[in-house]
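Data first, discussion second: the structure below is written as structure tokens.
Chains: A, B and C, in written order; residue numbering restarts at 1 for each.
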């Protein structure tokens, strides 16, 4: 079985500083994979490199197509949705406009309306607030909006950058439940970067551990969770 | 890469940093140029002497802008207004108050400094774009202010003022133009040396820290607002002196000599000369005096287009202006001499 | 009382022009964070194009429409050729670019059409509007055309997908790219629209200030004043600022002794400084935040 996303020898740079040192990994279609690592290990950079938001070298292939040299928006147009850190909410626009923006590249305007309804079914709180300015939402609501906005693309692959950041634990559980559901029911392949390793490993079926810009461990999420080193470094017991 | 560092969007600095040492010429080169400047007038026609004088005067004005921009990273599109203020101060003092022309210059400088300081205070609390906007408006409005009805008694209104051209003092046997040339040369030299010392002083370091990173500078204890206003005031003051000199040398002031086009020319002079490179100010000044002459001789109204096109060429091809050209020339020269 | 009403209405008419200029300036400012100092010159050039078309015998409204299209294309071209390459350059370089554009456009207009003052026609005539002595038909036409355009723009930005994408690109470029918006083209589109809006302003004001290469200098300063008053970050604010400034200018000219036509520009300057001192973010703008 060929991988949906294939990353080989990825190196990324911020100015003169190298942040990724030859990273390789692959995602299978339909999988839910998590990328674990300490602060500064290069998780966010990996996601940004996939979308060509940082200068990088190496090969990234998505469904057989090379991503190198494509602008960010053209990567997105292939069906890769990226929920950035900090959520990237368009705060001065309404919730509904944010959702419409998620579908801005689609031309099937009829389905967009029904997709917005589907998002409201996933996240009822967004329906309640659909005419409100997105900036007035709470952190958790904004994160849901960000996920919903990404799904409006009808992505084949969704990249999530620390969705739990700054959210109350209960909300995080809810959110992760929904992510699992989206992965199973909508067949969206998901790559999630997380600091909350425990939750991420419960949710995911595959996991990679990244340290100072390199993959140091990979495998089945359950195996990784039971690994002594991972337990000590990331799970704290 | 820490998460925070990735996320922070840093505003690009207004101008690229120029190292302090790169701001001047070596002593040897300076002396050679000075000697050339001292001797040249003996061998050329009066009109050329006059043009060289004007180059120095514009050079002072461009230098003033350079202190502001190269030194403290702010920029002004309103230098023509301070130039006009200095010119009118000198002209009015000479014609209405019968003051000696040399004595009017420090007053012209002070008046322009005061005006710049007061004008800069509100605009400088905000980012560079607001200062550019406010100074642009100032430059556009200035000719109308000079035409004001109730000032007409002193300023001569639309007609302007004609000023007596001074003779050489102590019965020196040189003509007016040559005398004014040496007079201007002396003042240019004093201002040039003074500016270098200013930028090397404590205040100069404060200016440059603001240029390179305003918020970091304030965190280090630099009173940003105070120094920005000061830099703006000093720049306006020096521009005022240049304006005063121009009134004496041209022997005439009128509102429409000081339009936004003058401000644009001075700005162009700075960019062409190289932002932050003080000697380049005079290269830039020569540029803005001689290029329009050539352009207008081809077709009336062409000089604006030539200015604009050259400005784009400089931006795209030699973003560091004359400084870059000088460095490349030096490099090539070095290579040539090595080969031989 | 009639004088007051008269002056307010006349102020609204010129205010409409300032609103257009302010809107054009704000649209580009929103997209690239720079002030287009050449906006007025671009508008002047557009006006000359329409004049030239009419000289060739094309009827007013066809010339108007053709000029809008040419200006739109010209704005996009200027952005693609000159300012896209400067997008990552320091502020100073960009300001130099705008100044250069200013000089080039002004100079070329003078070279082609020379610097003499020309009459410019109005399709509305200049008889009293609806028989009242308050405003002329041309002034009423200025207000009408501007309002029509503003409503059109509002509908475009509020209800079309491209309008939504343009707003997204201006608000948060990185997020916009992540939903697949081609932000670079949105900027070019903004330039094109700003250029066309400026053309409308130029064509409408030309019968009043007469046609010549320096006709827009003062208008642009008022446009800046309007944009600052409304807040550089708010298109709606810019429009409201434009009308306010227009009314203010006329009232000051009528009721403050010593302020006649000759002081119009210093008033705009004073207005800019006052706003910067007391309310730097403008009436409708967001506070300006700067990070290290």
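Here, contacts are C-beta pairs under 8 Å (C-beta built on N, C-alpha and C of every residue); 3 or more make two chains touch, one makes a residue touch a chain.
Since the model is a prediction, treat every value here as computed from it, not as a measurement.
Relative to the centroid of all protein Cα atoms, the closest per-chain Cα centroid is that of C.
Centroid distances from chain B, each centroid being the mean of CA atoms, peak for A.
Mean C-alpha positions place chain A and chain C at a centre distance of 42 Å.
Averaged Cα coordinates give chain B a centre that lies 31 Å from the centre of chain C. Per-chain CA centroids place chain A at a distance of 54 Å from chain B. Residues 8-16, 69, 75, 77, 119, 122-123, 125-130, 132-134, 136-138, 140-141, 144-145, 147-150, 213-216, 260-261, 264, 267-268, 271, 275, 299-309, 311-312, 314-316, 319 of chain B are the ones touching chain C in the complex.
Residues 161, 164-165, 167-168, 171-172, 174-183 of chain C are the ones touching chain A in the complex. Taken in their complex, chain A has these residues touching chain C: 51, 53, 71-73, 76-77, 81-82, 84, 88-93, 97, 100-102, 104-105, 149, 153. Those residues of chain C lying in contact with chain B across their complex are 33-35, 37, 82, 85-86, 88-93, 95-97, 99-108, 110-111, 114-115, 217-218, 220-221, 224-225, 228, 258, 262-266, 268-269, 272-273, 276-277, 280, 288, 290-292.
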